[in-house]
Amino acid sequence: MAAVADDAPWLRSSIGSATPDSITVGGLDLPADVMGRLSLTELAYLLIVGREPTAAERRMLDVVLVSLADHGLTPSALAARLTYTGAPEAVQGAVAAGLLGAGSVFLGPTGDTAEFLAAALVGVAPDADDATLAGVAEDAVARCRGEGRRVPGLGHPVHTDTDPRTPRLYELAAAEGLLGPHLRLLELVAAATEVQTGRRLPINGAGAGGAALVDLGIPPTSVRGVVLIARTAGLVAHLAEEARHPIGRELWLETEDRAAPLDPPT
Amino acid sequence: MAAVADDAPWLRSSIGSATPDSITVGGLDLPADVMGRLSLTELAYLLIVGREPTAAERRMLDVVLVSLADHGLTPSALAARLTYTGAPEAVQGAVAAGLLGAGSVFLGPTGDTAEFLAAALVGVAPDADDATLAGVAEDAVARCRGEGRRVPGLGHPVHTDTDPRTPRLYELAAAEGLLGPHLRLLELVAAATEVQTGRRLPINGAGAGGAALVDLGIPPTSVRGVVLIARTAGLVAHLAEEARHPIGRELWLETEDRAAPLDPPT
Amino acid sequence: MAAVADDAPWLRSSIGSATPDSITVGGLDLPADVMGRLSLTELAYLLIVGREPTAAERRMLDVVLVSLADHGLTPSALAARLTYTGAPEAVQGAVAAGLLGAGSVFLGPTGDTAEFLAAALVGVAPDADDATLAGVAEDAVARCRGEGRRVPGLGHPVHTDTDPRTPRLYELAAAEGLLGPHLRLLELVAAATEVQTGRRLPINGAGAGGAALVDLGIPPTSVRGVVLIARTAGLVAHLAEEARHPIGRELWLETEDRAAPLDPPT
Amino acid sequence: MAAVADDAPWLRSSIGSATPDSITVGGLDLPADVMGRLSLTELAYLLIVGREPTAAERRMLDVVLVSLADHGLTPSALAARLTYTGAPEAVQGAVAAGLLGAGSVFLGPTGDTAEFLAAALVGVAPDADDATLAGVAEDAVARCRGEGRRVPGLGHPVHTDTDPRTPRLYELAAAEGLLGPHLRLLELVAAATEVQTGRRLPINGAGAGGAALVDLGIPPTSVRGVVLIARTAGLVAHLAEEARHPIGRELWLETEDRAAPLDPPT
């Protein structure tokens, strides 16, 4: 910290720092206290939450991360591969292109569900009983519908009956003693939605993951970011495969060849 | 797979796929065989290498990932934070902006070292003795210098004497029985460089990490991508902190206020 | 168009196409009918609006584009420069990083204003008289405030009294005969806001630009994109200057050096 | 400029600045001297080159920009559209994703040609005669081939005989009196390549554009950036069309449906 820092009280960070003979990350000495002791999942938790996770929390965070790491040849994976076709020397650009599709339609719903549930639980005791949470759910769903918004975390274009990740995630959370108020509320939100709309929508994996992350202590506004860690792993795997067995070039040439003219806007 | 797939032998992927009631990732059933069993680190290894890591490989991969996850308020972290200042609603863009700085100057050297060492070892037996590897190192360094290129993996602007990550990484690799030909060659490359140039440059953490990843079975061309997984974790932590204690706005206003005019190009 | 195109009625585009001896852009032969005849501004208009602009429309589009091209060492320009520091070999990544900050806080307001005004004018005749538009403005402002949202297009952190771009833009639009309903409505929105809040906020350049673009025939949802064309020009200039007189490296080193520790989250 | 600026001689910029009642861009008062007088093309030239273009230079710069703005449903355009599918609310991310594919394979060759020609012309008089330039070309091609590199600016996967942009660009440059040493050298490079390899490769539009930009005074290292201005216009047009007639979602679903399994890496 230099002398001018007195003039910059805003310039503070606890993530990391370095001197000629030491590197500190999350307040720990990197070589001595992190390397060989913490996994990437544990370090991410430490840096985001401000303390190391328990063993159960670490296992549950990995459950959520692996559940969101990849979904095959999604728009995000295709964008990354097509970017690699044009700029194979800058793989960071291909990964970035893939992440940029993690918006309101894909992956964003994980954060939306987290923020929706957290907002509904403001002022509610973490150990509130089911009846209390059911009332919270009814109100939250009614308010959401009243504003013409979709209830986040429910429904899936492919997994119309049950998202196979959801029951497994709930099972593992229960086994770890981490079935917290956000996961519990999400089940009651699904039930309240069915009552109020007459239509059953399954809890999707994105929503369940978002609820689980908040129950793990991740700030709701950071949930969307945490998902990107998992997704980067999937994208890097797609690009390793693209280097070995490219599909971007053929996808482009075939698409261009098949395209028909469109009338211009009027 | 639809009927047209017969016409598209190029359109193949082993990363992931989904049906209405199942999700497969890396050839495994996601809910049953991945969630609750594999960590994010293990899944990334599986998807990139094509098989699950051993326990030692998993631990060593985590050693490398945590060693590269963050280095404080780097240009990459600052770019992510300044992007968040303008577009806090699109955190994927801020993470992408941070990753885009992982080029030839920062993080890229990890991949450069991996490719340099792997190229030097083409045709060399994985269990070659030290004398053989020393000869490989001498030739590789001489060729590199002859082409006017810097030897990758050596030297650091801050850690001029010793990069504190490097001895720890070698120690842990030895303890795990994973001190493979790339890590061994890198030490001999440092020695050969000192002999040929008369100047000692320490092995930097980026270079040691790159060598370790190839010894773990990561394809050299995928090393640069793997580093991005680690770095995404660091960037998401910076953005969580930026949401809690913003520095982007003040950094901008102060920088703009301090800037003096520059003569235009002539 | 290949035979399979019959199966893909969705696969249509009017932007561009190529054969071995021709290139078509916006329905025109690129070498014969575009090169040497249309400016970049005119081609952008043609591709987005579907027809060539009149001379007045072209001049006015350039007025808006140059007014939004650059604002000095903004967070966006700094993010681009810091990305260049790490990856100078991939300038597309540095430009992309700069664009990613064009979100809800910066540049986004141009599109927000465009969409706000266009929504308010649904069903209103383009040549509605001032009294009608004043009523539209009052209702739109009241609705906006009722929803707890800021009225877009008003106020500026630096130009608190008058944004110097705004009167000039209105003057030029009037001179070109292009003072359309969106620009007219924005003035009345500013007046209605002052009446309803008791506080005068100047029309900012972003808002005036957004209104002008819709009056020019740009679809409101494309306004935010059009702004990016202008901003790319500014960012490329920043990066040309960064290559000549770098500031990214010093900004990073000084910032890191000045940073003090922050207490971790609790 | 604050007092601390004395300590920061590195912190200088001539692109733009603002005070409460003025905005300066490229040393000019934005409202008075830029808006209504300069086109976006002219402002870009001013900011990058440091002076306003002549009328001929402005026309020629527009020739190059429109020639590079779009090539239909390229990998870059598809990546932008697929990103929009996932994050339609953050159009800056979709444009960024499209730009990220402007690497060594696409658009990068424009900058590669510019740098190759400029390097060959170091120390050569701008008005050197054809015989001198022919010798420069022979040497440059021989050196390039000796290093095992492709001569940049020649050959095209689709326009195998003649790139239709090239003769038109040369014709317009001659008409404007802007057929400078880089464009002249490129023709001689094509001839020397045919002599040395026995194979005729046409000058491609990317290469001709790169040569023309350096003849216009654009620094060779900034050529790659200038191309991005043109390409942003094309990408924004693709996204405006994608909003009107989406193809990203169907392209994704069809691609995923057609994909067959791939054997994992061994």
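Note that the chains are named A, B, C and D in the order they appear, and that numbering of residues resets to 1 at the start of each chain.
The definition used in the following text is that a contact is a pair of C-beta atoms (placed from the backbone, for glycine too) under 8 Å apart; a residue touches a chain by one contact, two chains touch by 3 or more.
Here the structure is a predicted model, which is why all the values come from computation and not from measurement.
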Would you mind reporting the rotation angle for the C-alpha fit of chain A onto chain B, rounded to the nearest 5 degrees? 180
Far-end chain from chain D, centres as C-alpha averages: A
Chain centre separation (chain A, chain B; CA means) in Å: 22
Can you check how far apart chain B and chain C are, centre to centre, with Cα atoms defining each centre and the answer in Å? 37
Roughly how far is chain A from chain C, centre to centre by C-alpha average, rounded to an integer in Å? 30
Which chain D residues reach two or more other chains? 4, 8, 11-14, 17, 26, 72-73, 87, 89-90, 92-93, 96-97, 100-103, 107, 219, 240-241, 244-245, 251, 254-256, 259, 262, 265
The chain B residues in contact with chain A across the complex are 8, 10-23, 25-26, 30-32, 34-36, 38-41, 43-44, 47-48, 59, 62-63, 65-67, 69-73, 77, 90-93, 95-97, 99-103, 107, 111, 158-162, 164-165, 167-169, 172, 219, 221-222, 224-226, 228-230, 232-234, 236-241, 243-247, 250-251, 254
Residue numbers on chain A that touch chain D, as the complex places them: 4, 72-76, 78-80, 82-83, 85-90, 93-94, 96-97, 100-108, 240-241, 244-245, 248-249, 251-252, 255-256, 259, 262, 265
Okay, in this complex, where on chain D does chain B touch? 1-2, 4-5, 8-9, 11-14, 17, 26-27, 49-51, 87, 89-90, 92-93, 96, 100, 219, 254-266
